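Below: the structure, in structure tokens.
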Amino acid sequence: MTNSPRVTVWNEYRHEKTHAEVAQIYPDGIHEAIATHLRGAGLAVRTATLDEPEHGLTADVLAQTDVLIWWAHMAHGEVADAVVERVYGRVLDGMGLIVLHSGHFSKIFKKLMGTTCNLKWREAGEKERIWVVEPGHPIAEGLGEYFEIPHAEMYGERFDVPAPDALVLLSWFEGGEVFRSGCCYRRGSGKVFYFRPGHETYPIFHQPEVLRVIANGVRWAAPVAGPSVRFGHRPDPLES
Amino acid sequence: MTNSPRVTVWNEYRHEKTHAEVAQIYPDGIHEAIATHLRGAGLAVRTATLDEPEHGLTADVLAQTDVLIWWAHMAHGEVADAVVERVYGRVLDGMGLIVLHSGHFSKIFKKLMGTTCNLKWREAGEKERIWVVEPGHPIAEGLGEYFEIPHAEMYGERFDVPAPDALVLLSWFEGGEVFRSGCCYRRGSGKVFYFRPGHETYPIFHQPEVLRVIANGVRWAAPVAGPSVRFGHRPDPLES
Amino acid sequence: MTNSPRVTVWNEYRHEKTHAEVAQIYPDGIHEAIATHLRGAGLAVRTATLDEPEHGLTADVLAQTDVLIWWAHMAHGEVADAVVERVYGRVLDGMGLIVLHSGHFSKIFKKLMGTTCNLKWREAGEKERIWVVEPGHPIAEGLGEYFEIPHAEMYGERFDVPAPDALVLLSWFEGGEVFRSGCCYRRGSGKVFYFRPGHETYPIFHQPEVLRVIANGVRWAAPVAGPSVRFGHRPDPLES
Amino acid sequence: MTNSPRVTVWNEYRHEKTHAEVAQIYPDGIHEAIATHLRGAGLAVRTATLDEPEHGLTADVLAQTDVLIWWAHMAHGEVADAVVERVYGRVLDGMGLIVLHSGHFSKIFKKLMGTTCNLKWREAGEKERIWVVEPGHPIAEGLGEYFEIPHAEMYGERFDVPAPDALVLLSWFEGGEVFRSGCCYRRGSGKVFYFRPGHETYPIFHQPEVLRVIANGVRWAAPVAGPSVRFGHRPDPLES
């Protein structure tokens, strides 16, 4: 396992530039809030954003990325298909991908899931309580039995994703809904972790438990030096 | 698949005989409330209770049972180990088992799960809302997106069971907890469905949605005429 | 559960028209070989092929299809994206989909899996032995512990698909490979079953065990009348 | 995650003392062959055997064990139930457990699985080829697409265990069988890895790939400092 995975935090980075309220909470962007924490946890971190050339996700950057973190909300449609294909190829080749909150509707997540990734939502600043249901999973390290987010956008079931390979976190919402909030998947040689919390108008990415889960997710999703798989025609049987 | 599975509803049948309050809700016992509904749904149903000889679960009865439903609460320890072994053998041999509510602590469920099956609980008559997270699963047939139980005993996570093969239902509780309330498992050639709702002092087993889920569970858990598996020494290779 | 699912057998239907060898084995096409068997099993079956208008998969046909069976090999790229989207929408909406053999590379299967669906292959007429690993699964009904295909195209692991929700069948090949040959998935409200055997130049779709698995798959994949899921904005909390 | 898990290798250690043939292959016992390799991989390792007091698995030893490796074959019945309970409690509390080969019939594995763990077997020195089906799993690190064991005891499906949470390795046998040879499970806060290869009369525990998988398994199964779960009566709701 990679001891110190190299992380790229990708952010759409639009809300922060156009909404004063968001800029106040994340003056350098959501990506920098997350990146700063991960650097403090000893990880090598770079950032990339939508408006950079190739969205900052060149072949070279991706080749040097062990785990990619994805936050986006209002501009999913502006992500170039060629970049989506590039990220997709890297995930299948072993790169980890952590999809945050509204990233559920990103092209890359929908493509990897094979479903609509749709859900119910409501912006009412409700309390969310996130329960750990797999206490022995690496993503639960350092957490208590639950943690609370004082004011959150509600996401409710039915969440239209395949059943996760491991379900680690479950959310309770003040308004009466529940949600599978921490979902682990394998796709190709790579790993995908969907983590529900986060919003541009709440300081959720400053909350220690949320940042802890993201850092845990990075370590879980880091690539493994497993076999190089050769697909296609194998004309010679292994046995004669 | 068996078109019309033969059902045995097993009930500890103690609370009903000693608590007037329970007797009022279930005058003929919880087993009769469930059996009556299943008969109305066209199933062949018998009942059995703890205080019958061999708890009513003789080898003969079990041999004629396609799906066994299990409710118990205060007397798990009085169930004879020999009967537990007999039920266990039948499940591995293909019989379906539906475990209701406090049956989570029964000997048979703990033996089939391989874990403590422990959980959090509170008796405060809280509202429970049960969400369907797998709308295409046979156990969800005929349900809406959720249904509510006005007054329920709370069961909260961490529920110490193996991750289910399919998670169909998730509960939200008024007091702030969540629970994996509809869990499907395969064990041997048999199927096990754990269904959380139900309590001796609430009329939950008179509620149409709860009875519907139990009937759906019976059909899902019914035996399949699959291969007879031969274990052990196979001295002759299939290939030479 | 739908008691008698309406089936549409879809076939690319090219090999049969251009290769005498294939036409000899499947004079009316692979679709008719399968459809004939399923009709004999009491199912309502229609067929559709690539060269019909809209590939025979109009909105109307799909609306009247409970389970769609898919065989294709040489012309995956000719399937119109609009038709793929239509089938995709129907699967997420509850329709069952059974993908046979070389259908692993169809647009619809790759889209639903979210992976390349790549594998190893070899055409050497090798013996294949298919083992049942989940004897209690509905898809194993009527089978023995294993069945053999005397001459098959080899498909070998790594099969680049997500881990199935249930793995029912495992193949052994004479040349030394293994393969996950019966894989069940849930996607949206629908079910997908991938079944490996089948080839245009072997009479595999005349073999009783293979036809039995397909018929079992149809019954397993049939739609369930579960909840209608409402996605999107839910402005009003369920609790106040 | 524990950076350097403390390992205890437990061995029945009977064959080595009574069969000259076995003693020649494993002069210091199977446990020392495994322990020596793991020490070389930088792990802290102790050993314990059946004939020591309390089988060498005192509460103190287990409290200092992060991952326990289990090999046994001819004397499963001699393992004291009290020790089985102690190991069981530690697994649910977070300790990793790696069960090797004939350990499938140990009391502890059967108790954790909730099934018979039965299988087919044949001692004919057949070739086994073990394929990696999850190339991105930590247990596949450093492996090729497959590795071979020149002479092995055959274990064949149906293997009567619950479907694993992750299936990493699949075996092909010369005689015509297949087997799920690398199976990962979560039980309580602990992890269990079943790994098929190994036999007292073949030098399998000297083979580099086999030792590599065991070392990988140790790292995967190491405890996580997740939440301390409090079960039982929670009289006070979290919400009022």
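Read from first to last, the chains carry the letters A, B, C and D; within each, the first residue is number 1.
We adopt the following convention: contacts are C-beta pairs under 8 Å (C-beta built on N, C-alpha and C of every residue); 3 or more make two chains touch, one makes a residue touch a chain.
Source: prediction; values computed, not measured.
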More contacts between chains, A-D or A-C: A-C
Most widely separated chain from chain D, with each centre as the mean of CA atoms: C
Chain A and chain D: spacing of chain centres that average the CA atoms, whole Å: 33
Separation of mean Cα positions, chain B and chain A [Å, integer]: 37
Shared-contact residues (touching 2 or more other chains) in chain B: 129, 132, 134-135, 145, 156, 158, 163, 165-166, 174, 176-177, 186, 188, 227, 229-230, 238-239
Residue numbers on chain D that touch chain C, as the complex places them: 129, 131-135, 145, 156-159, 163, 166-167, 170-173, 176-178, 180
Residue numbers on chain C that touch chain A, as the complex places them: 92, 111-116, 118-122, 124, 126, 154, 156, 158, 160, 162-163, 165, 174-177, 185-188, 227, 229-239
Chain C - residues contacting chain B, complex: 1, 94, 129, 132, 134-138, 140-145, 165-166, 174, 186, 188-191, 219, 223-230, 238-239
